[in-house]
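Below you'll find a set of structures to go through.
Heads up, the next two complexes both have chain A, just with different partners, chain B and then chain C.
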Partner chain A sequence: MKTEGKKRVWEDYQKEIAEDHYYFQRSCIRQNFFPGSETAFLKILTGELGRDIMDDPHHTTCTGIGYHADIVPFDTTMTVVARHFALMTENGYENMIISCVTSFGIYTEILETWKHFPEVLARARRYLKKATGREFNIPKNVTHASDIIYKFKDQIAAKAKYRLINQQTGEPLKVVEHIGCHYSKMFPSWGVGGAEFPYVLQGMVESWGGEVIDYPERRHCCGFGFRQYIVRANRGYSVANSKKKFESMKPYKPDFVVCNCPGCTMFMDKWQYTISEMEGKTYDEYGFGIPVLTYEEMAGLVLGYDPWELGLQMHQVQSEPLLDKMGIPYDPAEKYKTASGKTFRLPAEPTSLKVCV
Partner chain B sequence: MTKKVVIIGGGIAGMEAASTLSRMNIDVLLIEKKQQLGGHVGEWDHLFPNFRNAREITRSLLYDLQDKHIKICTSTEITGISKKSGKFEVRTTQQQTFKADSILLSTGFDLFDARKKEEYGYGIYENVITSVDLEQKLKESNVLTMASGVIPKRIAMIHCVGSRDEKSGYFHCSKVCCITAVKQAIEVKQKLPHAEIFCFYMDLRMYGKKFEELYREAQEKWGIQFVRGRLSEAAENMDGSLQIKSEDTLSGRPLKMNVDLMVLMIGMVPSESTTFLGKMLGIHFSEDGFINHDDIHLENNLTNVPGIFTAGTVTSPMTITDTIADARSAALKIATYIS
Partner chain C sequence: MGKYLDALKKDVRFVEGMKSCMNCGVCTAICPAASFYNYDPRLIVNTVQTHDEEKIEQLLKDDIIWYCGQCMSCKTRCPRGNAPGLIICALRKLSQDTGLFAESEKGRQQLAVKRTVGDNILKIGYCVFPDTVIPEKHPEQGPVWEWIYEHRADIMSKFGANYKGRFGALRKIDDKDLAELKSIFDVSGGSDLYNKVEKYSSRKAKEMHMHLDETNDCEYVTHVMDYNSNTHSKE
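Moving on, here comes the complex of A and B:
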């Protein structure tokens, strides 16, 4: 593998990422499956980097899942997105950060449509005015939240309490990075590093001491794919795709997987349990599975945030082996406690996949 | 008074046009930006469809340039061209100025930059090479190896890289890649009799004399396997071999396999020199970026600018045979024009 060749590709796909003053568009599913991630993102932006970001309770879903499931028509989705732009405009912001890759795909698809078909933009303005009385400006800068962490990766590295280095061996941790399809596969120029050799996550990993694995099925779908999962009869196809990736990455012995899409994070995490139940197979050396993190969770660990505050216990594959490798202390007794000190009901133990309770 | 023609581009089209014009007692100045004449053919090893040594072509064309009517300027580029009272004035990087009654553009083609097909990993994966790289390897060495020095056992040849490809921005067919793949596959098989060779194609365009026969020979005599399917992506395995994915569209099934070496059959794209000169002269281009002819049937060496003619691949991809015929045709058109 020639790194120089990859660097040339990365140079072709650099994007403008605003410096400050952001309007934040949250994700529906991330808040459920990785509840600490967006909180960590806001903490990093405001607490660590001193940036101004508005977390607005008035925005709604982007309708992305419904749109891709053919339930919500494009004009409806477009009008919902137009309303979010109106909220941003009313609050005096020009830069939008989108937390979810599905939403990011929705926003970029709509913005590209408006660019090429001004009459569709005029229609969206008309619909929004009629429905809500609102008007909007198109944002000057639209980024995915991972773009923002990528932009400030070196500032985060300067504040790092832990690095992506195996404390027992001194070697860089081996990391599988996986971008969501709707981050840059639809419009490569919207993603840092493009679609074929994306750099947004790799840049973070390298800056924080890790080493990215380029394995043969790196580009393959995570297994989500709306129709593969939403249509129940297709779920076997979804698991099969995830399995293909795990089989391909296994010989490289990855220490963890990092994703920038909620669908990828969820399916690469949870299908490991499913595969272990179906076939008794796990993909690490000791039967614990390969931890799958969001980029904020990875950043949070590097910055020394408490793993349970980050919500790592909410993942299917548990992260203690990774925490041990990084030398991060954790209190097992606190793992399943709520903020008020109560203890959750302990999750049932899988048949094959080992977990640290 | 002897008429004078400036030919810009010293590939085989420019060389053949120069010698044809000189035989009609017309003075020719042949300008080439590289040190040597011969263009892409000068760098090639053996030619389809008969495995003729490419040097025979360039030697023959060079021999014909030894004529009192021909002057040659190599390592020279054009900086400006203007037209006054029906005469052209050509300025060069050597600070020279030449007057001409007519100009022939024979600035040829550029090779498609295979790095633009990012999913194939050229310039990133160790064992992905282009057809031009392969030709150089065949020219320089009797042994074909992978980057590690090991002899490859399975080789994939990927047709239409940068041709007929909307994503690359080039819709045109480069015409020579299909038969070049067949030729190179046979040459590789001759060197590595135990290697398996797979050609991944969209269509096989065997339109030229003896092309179809060579294609049949590749299958029947040499066992080359042809798979109708466009490659979707390549990835590098741990040992440096390549995992490739395609669809076998004849059997209607997806296909994934490992190969040791992958050869990209890169196409012809409009040359930067042609685009630069064409814009300077106000010449019309087709949508494909090559120079346009208003009448592609009857006036196929003429441009929209009187006195400026074309020869060879400045107007579209061509084989050597077609390029030579086009150059002779251009010379006749010029001779008619200036007389």
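Moving on, here comes the complex of A and C:
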């Protein structure tokens, strides 16, 4: 009876995730710092799962970083989002996938605002019509890209070539899962597991053989802080908050970190480098740092995709120790080659953080 | 009601975020900004709910409203359904509309935000693009980014991006789409906010006897981007 009760309660923490036919909204940060993840997302959806997804070149930034750094007003951001809904509508789609967690938070904020303040929705329609002549339907289903991978996690597990298991010990890999604040802290019902039990990444990790670490600062923000990073004078805020997390997770000896938010993925990687330069400190046992992956990079490794095509070398903390643990073969000679086979001067080596060249 | 409170009540985020604060301090306990800065979001909410116009004006001129990182963890945790983060969004908007942002060190930084992310949005259609993350300005990005930046046209395609192409990741946003974006900014108040930030910053630069022009290397932009009085953090 108790189990049945828990199952019933857990049902309240689920969200609807559309089955097929999606309009894709790309992320500024992901395109910039790890474009291989969006490429892998599309490859998994179309190639592995046979789904239909439209990658429309006419959408722009949602303005999200500008909005949360307070330089773009709410009305402007909502009208840019309304334009994206118009593009979706014009192309015959009803389900939207958002690649970025900042964007996802903005879409949820706008949709919730429109639900409670119909006059604001009317204003969005008026502004969009005046500015572009366009009209829009509200999507039937709005999901973050990680929701989609979560939905199909067991199908991915069935195709797995590698699992999140340490091949030397046979033990599950210990994983820090970090969920972007704007995924479900603002509007809990929009996230799998809500704000209290966000399960979107944990579900993937467990399905693919790993084990999630529950450490004290698990739900603390990565420290992006928008204006706290954009403005150079404020960056201490950003690195200090990431450091708080690293200090908290270190005793649990994580094999890697996985994030669903572009900013978090980038900052938890780059701040490890910064801290190593500032203090000579790293957060793994051997001085290589803790690799920070996107969920598509994690899924891609499980599916047997080439790590260098996924773009793992674009992170500052390198992933070879993780690849070795998972038993994934890789060719060091291919790591820094371009698509046309060129090799440029290799990246310089950091002062303290060890890298595999 | 006074002019500031009336203006705040027109912002839907203020209406949603400001219900009734009982000063429990849970927002401050969960706040990443409060763990770093000398900062207590509870005090902002409490000040606003006094409806005291002078005190609200003081907030609009103060560094205190610029410490929040908008993670919105406070929204999840407030037992009364307030959202200090949303109240701060409304205060920051009003501070820029009235020009009072230029009276504080952290507020003046809005020009740096406008000149970087703000201008990127209208010029290229992205908040951030590889060309804009210049390694000298971003030492925290490390040597791998330096390597990517230097060879970006060659490197990005290996990962499926189409740098400055017509479709896919890192495509060049079409001029027609950029024109629609600009038109949206003109109609919905975005361009107006950019203009106000420039106008009030220009006034402040003169007052501070600093040179401000349209470049990002000029004295005033460099100052607001880099200056830190080191009076903000807990230590």
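Note that the second predicted complex is superposed on the first by the 345 of 357 C-alpha atoms of A that agree within 3 Å, B and C clash if a C-alpha of one lies under 4 Å from a C-alpha of the other, contacts with A are read in each partner's own complex, and residues count from 1 in each chain.
Definition applied: a residue touches a chain if its C-beta (ideal position, glycine included) is under 8 Å from a C-beta of that chain, and two chains touch if they have at least 3 such contacts.
Quick caveat, the model's predicted, so the values are computed rather than measured.
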Practice task
Using the touch definition from the top, say if A:His182 reaches chain B (first), chain C (second), both or neither.
Solution key: second
Practice task
Pick one for A:Thr113: touches chain B only (first), chain C only (second), both, or neither.
Solution key: second
Practice task
Applying the touch criterion given at the start, work out whether A:Cys28 contacts chain B, chain C, both or neither, answering first, second, both or neither.
Solution key: second
Problem - Residues of chain A touched, compared between chain B and chain C (which is higher) - result: C
Exercise for the section: Mind working out whether A:Pro216 is in touch with chain B, chain C, both or neither, as first, second, both or neither? Expected result: first
Exercise for the section: Pick one for A:Tyr252: touches chain B only (first), chain C only (second), both, or neither. Expected result: first
Exercise for the section: For A:Asp70, select first, second, both or neither according to whether it touches chain B, chain C, the two together, or no partner. Expected result: second
Exercise for the section: Please work out whether A:Ala158 is in contact with chain B alone, chain C alone, both, or neither, and reply first, second, both or neither. Expected result: neither
Problem - chain B versus chain C as contact partner of A:Val9, first or second or both or neither - result: first
Exercise for the section: Give one of first, second, both or neither to describe whether A:Ala122 is in contact with chain B, with chain C, with both, or with none. Expected result: neither
Handout entry: Doubly contacted chain A residues - partners chain C and chain B
Key = 195, 219
Handout entry: chain C-facing residues of chain A, complex
Key = 26, 28-36, 38-39, 55, 57-61, 63-66, 68-76, 78-80, 83, 105, 113, 116-117, 120, 127-128, 130-132, 181-182, 185-186, 188, 195, 219-221, 223-228, 230-241, 244, 270-271, 273-274, 308-311, 313-316, 336-340, 342, 344-350
Handout entry: Complex contacts: residues of chain A adjacent to chain B
Key = 1-2, 4-6, 8-9, 194-197, 214-219, 251-252
Handout entry: chain C to chain A touching residues, read off their complex
Key = 11-13, 15-16, 32-33, 35-37, 66-67, 69-73, 75-76, 89, 92-93, 96, 106, 109-110, 112-114, 116-118, 121, 125-130, 133, 137, 140-148, 150-151, 154-161, 166-171, 173-174, 177-178, 180-181, 183-190, 193-194, 197, 224-228, 233
Fill in the blank from the handout: Within the complex, chain A is touched by chain B residues 115, 118-119, 121-126, 233, 235-238, 243
